[in-house]
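Each of the next two complexes has subunit A plus one more chain, namely subunit B in the first and subunit C in the second.
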Partner chain A sequence: MTAALEIDQVSKWYGKVLALNSVSLELEEGIYGLVGANGAGKTTLLRMAAALVQPDEGEVRIQGVPTNESGARALVGYSPETDAFYEEMTGEEFLRTLARLHGYSGADSRARTSAVLDWVGMSSQAKKRVRRYSRGMRQRIKLAQSLLHDPALLILDEPFSGVDPVARAELVEFFMELGKSGRCLLFSSHELDEVERLTDRIMVLVKGRIAAIGSSTEVRARLDQQPNRFILEWFTGASQPTLGKLAGEWAEWQEVEGWDRLEPQEGKLGCTIRVTRQADFLRGIASQVDRHGWSLDRLENLDRTTRALVGKILGGTP
Partner chain B sequence: MSDRGPPRLGDILSYRPYRGIHLGPWRASLAISRYDLTLIFGKWLFWGLYLLGLLVFFLYFFGQYLLVWAGTLNDGQVMPAGPFGRIQIKDLVDALRGFLKMDGSPETFRNFLQTQGSIVMVVFALAGAQLIGNDFRFRSFPFYFSKPIRAHHYLFAKGLSAAVLLNLLTTLPALVLFFESYVLGDWQWSMAKLRLLMGIMGYGLVLTLGLVPIFLAASSGLTRTIPIAMFWIFVFIFLRGVGVTLTERLRLSNFFKLIDLWNDLNLIGNRMLGAAAEASVAPFQPPVWSAFLTLAILGLASLIYLRFRLGRVEVVR
Partner chain C sequence: MSTNPVSSALNTATGEASLASDKSPAAKRPIPMHGSAMPGTTGIEGRSSQPELWRGWLELVRLTFVRQGRARTMVWLAFLFFFFGLFQTWYLTRSNTWEMSKWRYPNRMGRTFEELGVRTSVGINALTAGSGFAPVEIPVQVFQGVAHNFQWIVFFRVWVLGIFLTFLLPFWTLSFATEGIGGDRENQSLIWQLLRPMPLWALYLARWVGQLPWSVGMVMLGMYLSCMIAGEPGEKVWQICWPMGLAGAMVYSALFFWMGGVLKRPVVVGMAYVFFLELFLGSMPGLLKRASINFYLRCMIMEDVRKMGVEFEGYTQWLPLGPTEAAIVLALATVALLAAGAWHFSKVAGDGTCSPP
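Up next, the complex of A and B:
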């Protein structure tokens, strides 16, 4: 069976900047999430997959058709991150114009526009001018234009950007349905948590290279091996352990790399602590709470978000 | 969908893949062009300018009619002329035919097209951002180029939109004037009339091919209305003044007048029409071939620049 998208040893330079460095991927049907910081190369990779950007090295194929061939763009739907609409058009006019760009006749354009407006739940807003749309509506219209020709491969650049939680949940549901319909859906996001809600197939792009690929568990496990910073805060009191006592015990733990005292607050002590193997560390903390009757007020992983993750662990710009 | 209640997100079962015939990308260009024009026609400012153009058109239209009507009267007859008191028919005919050239001759169309040209300049200066500049400014290209069209289809669409605007103000009303003069005249076809008809269309073609590439290149580079208008003023007013000063005042080589692009267009257009240049400027005109060469080089340079601009679109910023 031909893969929906094949990216084979692809590199791309912008002047002296290497945007993508020997990236190889092969995607079948289903949903794939691409995570990375700003400047990691996500948009370049997605535009390359959408046949908008040609690689300097390597080859990209959509359903076996190289992206430098004219037929490739008809096989892919692309929803860009940019919001550059014709603001004075209505949503319906915008979609109908773009349907004509696919080569549909007037009647077919109207029919397909109506179908995708139904799909994305924008039929009631179709006659409004785009400039009056909320961010969520704009995302839906962008999504609708990528679906006009019913492509087997859908590329969505930051589809949740600026979308409120209710609309986000609806989009997630919609993407899940699309993913089950035999299409391949590749989308990008800054947030690993967001990607995890949609798919178990995650790729982390850092400085133009695929730094991690696999299920969310595998990616998390990979991240777990990297140093994470935790913040700990606890209440002071006669029965409470001192920082010195706790630190004495941490010195024995292999997973703790170091710690820094925080400025004491009224009735509270605290520190940040750098650890590898989070699971072992958390088990140790639980045991300390048990043993000392330690009234821990706060225990938080400062590097859990993708932003921090990419910045700290994988070396991108958060 | 209607039989299954209101549509909702995720409801994709009713969607059917397309099994019809895809029209080619050139037809897609027509769609872009049509919506560009819809946007322009939706502006009151455009209709204001178009009305101004129509006033000029009606001046010529009724001028030609007046000439024919006056020709049916006795030369010595006197007629009331509103605030101008009374006017002799012979003076009226002389003014219309000799001074205003509203007699359906090549000079009629030369004057008309040159007057309309200045309105085209204003329309272009104001429409550039809307037609093409905003696409570059707001980076709309992913929407276009993620569809099966290429840069040359996009350029063709934009050029077509500009050409339609230009010819709506110039060639189309000129053709109406031509047919008016034919209907009011002797209803006889001749080679001279056919040549004039071809000349009018040729003039329109010269304006289109000469102005549209420069217009698109300037609008794509400058993107916003004010800089585009400034550029237009520089090229078509400032350089015109410099050209006149260098040739007519300082009596330097007539080739210096080539920097006046509007004059270059008119020189070639006049040749198409078979009309003489205005007597006051005729001695200072460069040869027609040099005007043609200047416009051809500028047109080519504009197209190369446009290709370069579109080639850089893929850069992800």
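Up next, the complex of A and C:
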């Protein structure tokens, strides 16, 4: 079976800036979320997948058709982040125009326009000019235009950008439906909550490279190779081990990269520890608790949320 | 309950009852199955057509033509200069500017032709006094006749060479042609066209053809109306010059359209080209001036003007081409500029620098 989208060793430069660095992906039907910080190369990757931008190296194929053939654009629907419409047109006129630009006859364009307007729930607003639409309505029109030619591959660039929570919930429902429809839906977002709600297939793009790919669990496991920060706190007392004693043992643990003492507060001692291989570390801590009769008050992974994990490898807030 | 026939057909095709309404959330709508939810696929083949490239191309020509007329700064400026040009021609005609009687001989320093006529009459009158002849009015009438018959030359020199070729023609085409793709590039709405399954060179050509009625139309209409306003001399000039106007509009629109398709500030670059490079190249000695479009436009008309008895000083040193050769060069230049523009635009759009993220 031909993959919906194949990206094979693709690189792209903008002048001296390397936007994508040897990226390879193969997507089948279903929903895929692409996460990355600003400037990570998300839009470039999506535009390449939509046959809008050609790679400098490597090849992109949509259902086996190379994107340097204009026919590839007939196989993909793309909803850009750009919010530029033909503002003077009504929503219906806009969609009908795009259907006709696609090469459909007048009657077919009307039928397709009507169908997609109905599906995105914009039929009653179809006669209004686009310039009078709210952000959520504009996102729906963008989604509708990407469906006009019934593509197998749908690419949505930041579809939740600037949308209020109600419209966002509706868009999530739309995408869930599309994901069940036999299509491949690839979308980018800064909102990891939305990504996790929609799909278990997440790709993390960092500085033009795929840093992690898989389910949120797999992404976490992948990210587990990266240092995680743990915080430990315990009350001082005669029966409690000192930080010096514990730290002396940690020094021999390979998974511990380092620690920082926290200022004592309200009779508590504490420290933060940077570790790789969380499981090994936690087993070691459990052993210390047993051996020293250590009464821990707090043991928490500061990077336990996906947001924090991804944020960490992105080098900033995603 | 949806009453839309297509939706009904889709619902039938997907085997689901329609619960769709505008206000219901997506969950209540029939799930759009790829390959069966849209018209043109399973279930309703008979009502659908396959997409055709030529249909999309023609729609793009239509869309370009319709959207080109939308008021933008450059188009407003073009119309402003259009009406200003007409007013100026009307005013100059009304002021008898095309009359040669106000011309001086020697140039700028001597007496006007009108004064010369009167003085000649007076002189002859003095010589023939008492001879029985009374030819006083003859020289005046001769001068007036010559001046009247050569009004078109004045109009040609002042309006065609001085105003139209150096300013109005390039400016009118520039106003529309740079906006052809440039406007959509700047506001990023070009993406809706780039997404369609049309080769980029075909998209480029469709946009050029779509803006052509505006850029060429404005040039030809402006030229025609100006000539008609000027009266008899204008009519004569129109007959000589309209092919040149058409060729000029085509070649300039191909050039400025290219600039609009790939450059960030096409209007500024276009103006700089017209008012500096063209003038500079056009005034270069020898064959260098042949790099200027303006040179070929002049070549298209000069021969006809000379055939009508007007000699231009230093014409042969100007190394002109024949009008047919000049027209062929301009036609080839139009095709070459279009081809180069289409190639360049395809490259820029494919590189992703045409509609930056």
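Note that in this section the second predicted complex is superposed on the first by the 222 of 318 C-alpha atoms of A that agree within 3 Å, B and C clash if a C-alpha of one lies under 4 Å from a C-alpha of the other, contacts with A are read in each partner's own complex, and residues count from 1 in each chain.
Convention: a residue touches a chain if its C-beta (ideal position, glycine included) is under 8 Å from a C-beta of that chain, and two chains touch if they have at least 3 such contacts.
Predicted, not measured: the structure shown is a model, and the values here were computed from it.
On the superposed subunit A, the two partners subunit B and subunit C do not both fit; they clash. Once the two complexes are laid over each other on the shared chain, residue contacts for A:Q278 go to neither subunit B nor subunit C. Of the two partner chains placed by the overlay, neither subunit B nor subunit C lies in contact with A:S188.
Contacts of A:W119 after superposition on the shared chain: both subunit B and subunit C are touched. By the document's definition of touching, both partners, subunit B and subunit C, reach A:F174. Once the two complexes are overlaid on the shared chain, A:E93 sits against subunit B while remaining clear of subunit C. In the superposed model, A:D150 lies in contact with both subunit B and subunit C. Steric collision with subunit C, judged by C-alpha atoms after aligning on chain A, is confined to one stretch of subunit B among 44-52, 62-70, 116-124 or 188-196, namely 116-124.
Shared contact residues of subunit A with subunit B and subunit C: 14, 43-44, 47, 50, 52-54, 70-71, 73-74, 78, 80, 82, 84-86, 88, 97-98, 100-105, 108, 112, 115-116, 118-121, 123, 145, 149-150, 170, 173-174, 176-178, 181.
On the subunit C side of its complex with subunit A, the touching residues are 2, 4, 6-7, 10, 20, 22-27, 29, 31-35, 37-41, 47-56, 59-60, 63, 67, 70, 187-189, 191-200, 350-353, 355, 357.
Those residues of subunit B that touch subunit A in the complex are listed here as 1, 7-12, 14-15, 17-18, 20-25, 27-28, 30-32, 35, 38-39, 42, 134-135, 138-140, 142-150, 314-316. Residues of subunit A touching subunit C in their complex: 12, 14, 43-44, 47, 50, 52-54, 68, 70-74, 78, 80-82, 84-86, 88, 97-98, 100-105, 107-108, 111-112, 114-116, 118-125, 145, 147-152, 170, 173-174, 176-178, 180-183.
Taken together, the subunit A residues at the contact with subunit B in this complex read 14, 19, 43-44, 47, 50-54, 70-71, 73-74, 76-78, 80, 82, 84-86, 88-89, 93, 97-98, 100-105, 108, 112, 115-116, 118-121, 123, 145-146, 149-150, 170-171, 173-174, 176-178, 181.
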